[in-house]
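In what follows, chain A forms one complex with chain B and a second complex with chain C.
On to the complex of A and B.
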């Protein structure tokens, strides 16, 4: 219950941040999207053992955080969600490449250690950049911009619907969990033997709701094409900012 | 305005029983009609069949001069607006304005006109402050009015409302009734909430296990309810 509530709170907190008003918030979604994509490509493109080359890239998240007023604590909490997957991948490098490249005093530094650190730093930087994009741009503006960039509309609609219904799914799971707890003799969590039924019910409810949503969409003229408002052309300041940032990253 | 003749609907075309059997009624311009009936009587099925979501096994549905068939579903759905029982099924865009704009954009209404229509509707329903709010942060009553705005913005001539008072407290239900009373459109309201429709609607239909049992004016309602054993 506590986990679901905190998931809901954390989901809402990013949205609240996106409603802020700062120099970074006021940049057009297109400029922010371009900056983020170029940044991620540049960060990823460095060889796996060049750690020092990544250091200047830390400037972007720090600057963006300062300009947008995004709390570092909130950002670190979100990065921690992605951390287990990255750490698992990075640690496997330690085992695969144990050959010492050089010694730091008595400590051997293997190629695996360097690539492990490289993966961790790259992941940290890229996830920070994406989170800063999401926490300073509304989902509506972001999907409209993706359509403008000719990303398939069906993908953008899926993104919009997923985003909209995460909260409904969390609420439903929370209600089911509360009902379960009230009849489970104060046991903590969901018993493994009940987990199948619980998840199955959640899936069936989601499926039913998806059918009803589709009916509601058809009732309002949806014929498989997702229409959005055309975005205004990019302003000079947005082009300059995106261009300047891209030049810096290159 | 709406004419339904001998309408029958089956969920499985190859099998009986029918969810609706030989239902006939009509609704005049500006008339507000309540559709009453027990759970599973076929009220929601009737609403969905009026807009072609559930195809008719037999019978006809005519809206103004247009007879419902597969070729004219977009025109029919522009003339008939459906407000679903659960607003979460209907409000699928992130913000209220985005959701309101969804229908008109599908019909190619210019962007400036969509904004103008949305502002008018939000103002008429008294929810202008919600225009840019995130949908999942609205209360039940606000969601209901936002869903209604999303349908009214398409300027339908007939509104179908499925259990409009579910999820609403007494005050929100009163506010909704007031909004509906001020509308010029014809309305067909399915409900269990007699209090809500008693003074709001001009005519009452009673559906029982897929069949239309009675169709009466407001002044005759008390007598029919007494026959069903529902008198106060």
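On to the complex of A and C.
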């Protein structure tokens, strides 16, 4: 199934990127998380018709991508598939607000055009900042950072497990899908009436898988607590970078 | 139905994150309480992965030529119980936000509320559980899941409308937005509800204990959970009302119009303290409020040239770093 295999591919490619080594990769996950959140808050705090003020914010993704050696193509592909809802809202602004605010040469510029572009730029900037974060930081490091930030350990352990087992379950779903296709006489896709059975089977498989995982964890001494290696304290360079970036965005 | 960062204002994003954080904190407390079952953690982890894979399996909707997929909130709550289900769905939404650009970090709070809290806590506790509490049968499972999914999705879609309106980024009038979102999500909800019902009926005939265990657990602390849902409701309502009033105070056109109809004047005596406080919050959260591109073509052209130059400098610097790195790698 196209969806399933492309999901697998994107996981793998982001995970491989996160293994890389560059000045940006070496920053602590905490510093990168801070930079991303401050950046996103700054970007979305602009009023709905601002445009020129938003454009300079593209400097951060451009520079960070160059520093970390993240290929543009991967990120642009991700951004292209993201959030049809944003595009819908942006276009509705374009159609609803047609009053020309002023003329740029012979071209009338309407408020709707400005707010439409503004929403699209904001979406582009926020999405690229988040993708930069995950393409330079491994999920393990991010989870450890979340624990450091006092996010409940139960949630973090469960997040790690979900992340780890997505590929396993996608593989199982793919096997079941292939088996279904081979028996369905050239009809494409899964029929809605078979969906209960299909998803139900997948759910039962997941349930049994979880029981086996629990037994395996028990054999290795799991007692309901989640142990992580202590994170090294934030280095001066991390604090400086995060602080400097935040000040720059403001 | 994922909300995106670009459609939010910082005030709405922050308020919804706070509401969702409270719901998650409560769920964690509830799960790790005195009857904590350590087996539940791997179960939640794998079920999260199941929902993730399940959302990617599209099925053909007969007679329409289009396809749909499940959301999974009610399904998870039916198998795991409401609180573990909320945590599980939160993890799924976080991973989708990070790896698939669905939503965004600041919109995560909104998405957890719209898709997680509405389905796992409100839809499950208010509809699914009461219908199945006394006796489970296939008919009742079907009714409970269709109603549960439809109502959770309606609540979720309505929250999306409120959050977007409160952020003030869309030109769509409230009524048109609601008239657009609710019927679409009614159709989606019906299809998703039927599929959820089919999955739960399948589980009921193969492993009935999977469905009955979460329902039995809840019988013990029924009063507590109802109270909690009510509190969550009240809290969300208060926060949303606050956010909407912030929006209204910064965009008075619609209000003034309504006031003129009702009172015959746009001026009204009022105690300004709350209004001023709200205005201060808006002013403080908009970091560069006066930097907009809307006051005349002269400034606009200057702004355009300035931003293109900044972009060019940043792009040039990026290009230099890229080529330098490449050269370094080949040496």
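Here is the rule we go by: the second predicted complex is superposed on the first by the 205 of 250 C-alpha atoms of A that agree within 3 Å, B and C clash if a C-alpha of one lies under 4 Å from a C-alpha of the other, contacts with A are read in each partner's own complex, and residues count from 1 in each chain.
Definition applied: contacts are C-beta pairs under 8 Å (C-beta built on N, C-alpha and C of every residue); 3 or more make two chains touch, one makes a residue touch a chain.
Values in this document were obtained by computation on a predicted structure and should not be read as measured data.
Asks: By residue count, which of the two partners contacts chain A more extensively, chain B or chain C?
Replies: C
Asks: By the touch definition at the top of the document, which applies to A:114: first (chain B), second (chain C), both, or neither?
Replies: Only chain C is touched by A:114; chain B is not.
Asks: Mind working out whether A:222 is in touch with chain B, chain C, both or neither, as first, second, both or neither?
Replies: both
Asks: When the two structures are overlaid on chain A, which partner does A:162 contact: first (chain B), second (chain C), both, or neither?
Replies: Touch partner of A:162: chain C, not chain B.
Asks: So in the superposed three-chain picture, is A:91 touching just chain B, just chain C, both, or none of them (first/second/both/neither)?
Replies: A:91 sits against neither chain B nor chain C.
Asks: Check the residue A:138 against both partner chains and state whether it touches chain B (first), chain C (second), both, or neither.
Replies: first
Asks: Quick check for you: in the superposed arrangement, does A:209 touch first (chain B), second (chain C), both or neither?
Replies: Both chain B and chain C are touched by A:209.
Asks: Looking at A:239, would you say it contacts chain B, chain C, both, or neither? Reply first, second, both or neither.
Replies: After superposition on chain A, A:239 lies in contact with neither partner.
Asks: Same chain A residues contacting chain B and chain C, which ones?
Replies: 160-161, 163-165, 168, 209, 213, 217, 222-223.
Asks: Would you mind writing out the residues of chain B in touch with chain A in their complex?
Replies: 48, 51, 53, 74, 77-78, 81-82, 84, 86, 88-95, 98, 101-103, 105-107, 111, 134-137, 150-151, 154
Asks: Residues of chain C touching chain A in their complex?
Replies: Residues of chain C touching chain A: 1-10, 13, 24-25, 28, 31-32, 36, 38-39, 41-50, 52-54, 56-62, 67-68, 70, 75, 79, 87-88, 90-92, 94-95, 97-106, 164, 168-172, 191, 194-195, 197-199, 201-203, 206-207, 210, 285-289, 291-294, 296-297, 300-301, 303-304, 306-308, 310-311, 313-315, 317-319, 321-322, 325.
Asks: Spell out the residues on chain A that touch chain B in their complex, using ranges where they run on.
Replies: Going through chain A, the ones touching chain B are 12, 15, 138-140, 160-161, 163-165, 167-168, 209, 212-213, 215-223, 225, 227-230.
Asks: Mind listing the chain A positions that touch chain C in their complex?
Replies: 1, 3-4, 7, 10-11, 14, 36-37, 40-56, 58-59, 62-63, 65-67, 69, 78-79, 81-83, 85-86, 89, 92-93, 96-97, 101-104, 109, 111-112, 114-115, 119-120, 122-123, 126-127, 130-131, 133-134, 142, 152, 154-155, 157-166, 168-170, 172-173, 177, 188-204, 206-207, 209-211, 213-214, 217, 222-224, 250
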